[in-house]
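Each in structure tokens, the structures are laid out below.
Each of the two complexes below includes chain A, the first together with chain B, the second together with chain C.
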Partner chain A sequence: MTTINPSARKKIKAGSFSLNRFGPGAQAAFHIILALFSLLCIIPFIFVVIISFSSEESIRQVGFSFTPVSWSVEAFTYTFRLGNALWRSYFNSFLITIVGTILSVAITILYAYPLFRKDFRFRGFFNFLSFFTMIFGGGLVPTFVICKSVLGLSDNYAALIVPMLFSPFNVIIMRTFLQTAVPTELIEAATIDGSGEYNTLVRIVLPIVKPGIATVALLVALSYWNEWFLSLLYLNKNMDIMPLQYLLMRMQRNADFLAKNSSMLGADAAKAVAQLPSQSLKMALVVFIVIPIACAYPFFQRYVVAGLTIGSVKG
Partner chain B sequence: MTTIQTAVPKPHRRYSSIAAKKKTFWLTTMALPGAVWLLLIRYLPMFGIVIAFKNYRAFRPNTFWNNIIQSEWVGLKNFEFLKSPDTGIMIRNTLGYNILWIILGLVISVAFAIMMSELTSRFLAKTYQTLMFFPYFLSWVVASYFVLAFLDPTSGMIPFFQKAAGLKATNFYHDTTWWPLILTICNLWKNLGYSSVLYLAAITGIDTTQYEAAAVDGATKWQQIWHVTLPGIRPMIVILLIMNVGKIFNADFGLFYNVPQNSGSLYPVTQVVDTYVYRAYANTHNMGMSSAAGFLQSFVGMICIIGANALVRKIDAESSLF
Partner chain C sequence: MKKVLSLILTLALILSVLSFAAADDLPTITIMFHGSNVTDDKAVLEKVNEYIADKVGAKLEVIWGTWGDFDEKSVKVLEGADKDVDIVFTSSWSDDEYNSFAKKGYFLKLDDLFAQYGADLIAALPEDLMKAATIEGAEGKGVYAVNGFKDTATQNTWDINVTLLNELGYTVDDVKEKGFFGWGEIFAKAKEVKGDSFYPFLVEPVVAERMVTNSIIVSGDGNANLLSLYLNPDDVSAEGPYGNKLLNKFATPEYKAFVEKMHEYYEAGYIDPALSVGETSNDCRANHQKDASYLIGTQVYAFGYEYSPDVLSRGVEVQFLPCTEPYMDSTVSQGAMMAINSASEHPEEAFKFLVLLNTDPVLMTLMNYGVEGIHYTLDEDGLVVFTDERANYSPWTNGVGNVTLLPDTKDEGKGFRESFKAYYSTGKVIPSNGFFFDPEKVETEMAQLANVNAQYALALDCGATDPETELPAFLEALDGAGMQAYLDEANAQMDAFMAK
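Moving on, here comes the complex of A and B:
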């Protein structure tokens, strides 16, 4: 990376450089600013990875550091011994994400498709039904009470899935994809050929809007994977269905949570607790949670960017 | 829309009216699952707003609707929390952070987007974009651990540095001084990449011949940005502004709850409407008061959105949302 030389800086100020591009000085300045911020965006994650591989001894000596005095995989071997609590919540996270995403994508497509059909009689009504919830809502407490005591969403998987099944924002994204990709003539032609509405949707429309489906699916999957607020609201007793995010959150609240959980280990529990690499272990769990996102990120980023751009413009 | 013209008894018209009815029926069944969800999870709670005007408590049989019907009306008593000094602080925090972040976010992300669009190296521009977008995909729970790695009182990097330098270590989770800055950094860290990419998309949509025409007229690059780029992304700026102004009474719950570790001594600088409503319910089970606060938030939010949109429509009808 080059630094800005004074003469280039003068040129930028004077405006005496190529008209359709910034001069090399300005380019260099842009690179420095953007590179610094980009680094800032991933450094915390790298830091947490380093901490998770630091030995407990090193953390005692130099604290959390980018250059620990000694390395160790203790935290990760410990996660395996931590056993049930961790793996169960990992499983829960995957289960909630997969089931939630499938259901949510189905509902979203089914809702967006009639809204896209200009010849649908109740288009205006359903459009408003969804749109109005974007500007007004019952608020946290009435929603919570209704979900819990009227709809029975409490201490079960449904409580962690149902409240996020549908989002007007995703409907708008899906509808926009339909509008840009599916010509009305195609649907008219299918209807004339005697294709039923569901048949047209599944056989003709869906194959065309695969990128749109991918986008919505990824957005939904991400929000399920990152979800902890629903657990905070709806999980009181049944901690067996707790997702990983909430496990992580409770661990922070409650310093001896790990000690309590490792008591499940059995006979040498006390010894185990004493040796617990608690600091690096927490960071190791953070790594566990981020890794699926970090691995998939380069592949899904393109779709998500497309979706969010559409959603923000039209939404 | 096909109109049904029964007055003209031509066979094929009759046929098409049946077909139209069939079509309407099947399309309606498609929208039904989503509509049922909306009615149950979004519209039903709107009736629950009456809790805000009642002294909600348990009756026998202890079902929600029975409790609501039997609880006595208390008028605006649940709104008396507005008089307490805590309310002033939470409103100040919510509005203050939101206004500051709207301005900072707008200026910085537009600047970033322009910089990225002007880079000659497509590869590097793409790389920056990818890295900057990454925090957007992480939850606040994860981000709170990132912050903890730097601020943790026993092993955090900053307190450790302070100790190593012979200074008194700051107990960040009990000292309000730095939190406005920390929260601002966290917010920008998480959201700048996203908004920059939005503006970048808008910039790439600008017709390049406009730049050529400007260059031919002798405009410098800076002048081109002022006279072509910024007007070109004005609709996007306006739309995002309306959305943000509409959400000015809403705060990012996770940021204000998880990142400061729900620490009570930080409430003076971290309490916002969303955390207030949640804590009012979770800590004291005061349903009436927390419903009232939530209702006010929704109501004021709606007025803000409609107001902002009306304003935009006056200035530039094409940029308005509805």
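Moving on, here comes the complex of A and C:
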């Protein structure tokens, strides 16, 4: 097997260092721009946290504000009193995300790897097969009918996981990544050394493309964590497996619907609006949703940054 | 590898065979409700299934649709001809609209089933409700849904904070006498006493418009909300000032007078600006009602609303002053119905269940209020007192069916349901009841007009923009978007309907 000598790699880096360097003025400008950008990203979340700790009176009086008139932890004590419903949906979100991500990444790799191998005869066909679904879809109702009636995806965890297992976009990312990171010679060398196909994939290829796997895993995990539409479609009777996003989405949609139809529903709408959870409660749930995924970022970050730069280093 | 795979496949086969063997022989019917707030239905369904096993010969499963997800779910079920759902809620106002879906063939025509099993149900429902359910559908004229017996007449009321009104030195009679156009003086007084940040006039703008001009919702006009049919405020069963003609809501002198006055009130600071923005309007109204920080508001009324917890909890004396007597129109008479999915495999059982639900007090109470001893208890007068468990089981009462079968609750007081029935039996039918506008031919115009409407109407209704300049601009934009074609089509349909 060939490996790059570490000292040689250092030399390459040191050589290109001065070329990539910016002057102090440009450095400062970039820092300021990036700082402003990160502020733009983080301020909405801080705002949400503040609202979740605002009292209802304060929201009634001054609306959403960075400086509420009075503070309250009522929204959080209420969410804890939601008890089972909250924790169960929290658990469901985790379960769906973890199982979904593992399965989806496995499928993506197993689909992308043969597409990357130039000696695979039906490469073109399978490439087209996945690519085709990016352009033409079945539409919502046929998809729903197939999933529900043919595949039995209804009121079970599978309904929330299976429809999103395969994404052609991720396969393309993975395939491109394999093409840039894994030289064909490496696989040939492994074959000559007597490594079987599975051994080559697991022992030789996968360790090299860790950054690519992490990128795809992050994308998949995010989409599973944020998913609520599948629950809307496929959960009817078994609400015990509802994920947290859907719990929140349902509150929001209820409020929207009542606002739209209040003049039709009359007193019924007024009664229903009175039962709706408060604004601060919704924001408290948003905090619950954001924190775990925000915690996951640092773990992925190392690989994602490596994944973004790997192509250019090879140049 | 192969061994493991074959083992798994064999196991899967055995399991699936076993699960079929364990299945019950009673068929399962599934019903889909709207607007529910139910997280735990085990106790209720256990009792219901015990109760209906002999009477219906089926087991019941329920999909508790909520306000936010029902439309999407039901449309999917019906469009996808999902045979797993037998009974679906429908109405004249939600997305799975009764008239259009019956026409598309999504609902089963029930006439034969009514003739065979429905005698009790026909006897239990007012004649007008049966009539309102009889429409032109995919299989010709007939009944395509079981109409729920709820508040069968519309009544718009002024919601008056009497405590504050008396504090200001006025009475409800003053409010009545002065009328909408003469309230300026009362509002000014309220503003003076309660301070500048107090907004006395808490309106739902589109409702206020109907109340002041005595116009009603025209079914089928949808979110565009462009047509007006004017009532006769003194006798709703007689023809209004324009007969049965449908008018461009925004081009009438009635509308002009209304928005001019609203603008005057708005400029004087009597109306909260948050009411003029679609996203905040409803929240704002609910919040001010909740802490009684208003003087006069609007409320679409249902008999007994003053006894509901959200009115009682305002902590002030509230009175609802009606603008007209209750009237029955097409919208309200198709307010909550239950249709049978034409893809259902058990239509007979489904229909039998609907008959029982709408005629049997035991089943209706069970479905609506839950299990005695768990979700409610009865006090010494036999009145229903809800327990904390009710929070986990609150279907939308009016969406379940015949609410007149329900026992009285403690909040409502003894004899409530009797007075409820009596109240609505007086509801008069408007001359054009049963008319539904079918916008199929003018769908393009409708979409464009709805956009124009969304741009201007709410702000005008709320008084936030000046009608002097905005109203002519609005009318011009409507004309440009094809208002005349829309009106002509609507009136042609109305004339054809009235000629019958």
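Heads up, the rule we're going with is that the second predicted complex is superposed on the first by the 226 of 315 C-alpha atoms of A that agree within 3 Å, B and C clash if a C-alpha of one lies under 4 Å from a C-alpha of the other, contacts with A are read in each partner's own complex, and residues count from 1 in each chain.
In this text, contacts are C-beta pairs under 8 Å (C-beta built on N, C-alpha and C of every residue); 3 or more make two chains touch, one makes a residue touch a chain.
Nothing here was measured: the structure is a model prediction, and the numbers come from that model.
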item: Contacts of A:40 with chain B and chain C, given as first, second, both or neither; value: first
item: Chain A: partner with more touched residues, chain B or chain C; value: B
item: Which of chain B and chain C A:213 touches, first, second, both or neither; value: neither
item: First (chain B), second (chain C), both or neither touched by A:49; value: neither
item: Partner chain in contact with A:145 - chain B first, chain C second, else both or neither; value: both
item: Which of chain B and chain C A:236 touches, first, second, both or neither; value: second
item: Touching partner for A:85 - first (chain B), second (chain C), both, neither; value: second
item: First (chain B), second (chain C), both or neither touched by A:27; value: first
item: Partner chain(s) touched by A:99 [first = chain B, second = chain C, both, neither]; value: neither
item: Chain B and chain C contact sites that coincide on chain A, given as residue numbers; value: 60, 140-141, 144-145, 149, 249, 252-253, 279
item: Residues of chain A touching chain B in the complex; value: 15, 17-22, 26-27, 30-31, 33-35, 37-42, 44-45, 47-48, 51, 59-60, 62-65, 106-108, 110-111, 113-115, 117, 119-122, 126, 129-131, 133, 135-147, 149-151, 162-163, 165-166, 171, 191, 196-198, 201, 222, 226-229, 245-246, 248-249, 252-253, 279, 282-283, 286, 289-290, 293-294, 297-298, 301, 304-305, 308-309, 312-313, 315
item: Chain A - residues contacting chain C, complex; value: 60, 85, 140-141, 144-145, 148-149, 154, 232-233, 236-237, 239, 249-276, 279
item: Of all residues in chain C, those that touch chain A in their complex; value: 30, 32, 35, 37, 39, 61-64, 66-69, 71-73, 76, 79-82, 84-85, 93-94, 151, 154, 204, 206-207, 217, 223, 278-279, 281-283, 286-287, 289-291, 299-302, 305, 308-310, 331, 394, 396, 398
item: List of chain B residues in touch with chain A within their complex; value: 1-2, 20, 23-24, 26-28, 30-31, 33-35, 37-38, 40-49, 51, 63-65, 112, 115-116, 118-120, 124, 127-128, 130-135, 137-139, 141-150, 152, 154-157, 159-160, 189, 192-194, 197-198, 201, 211-212, 215, 218-224, 236, 239-240, 243, 246, 253-254, 258, 261-262, 274, 277-278, 281, 287, 290-291, 293-295, 297-299, 301-302, 305-306, 322
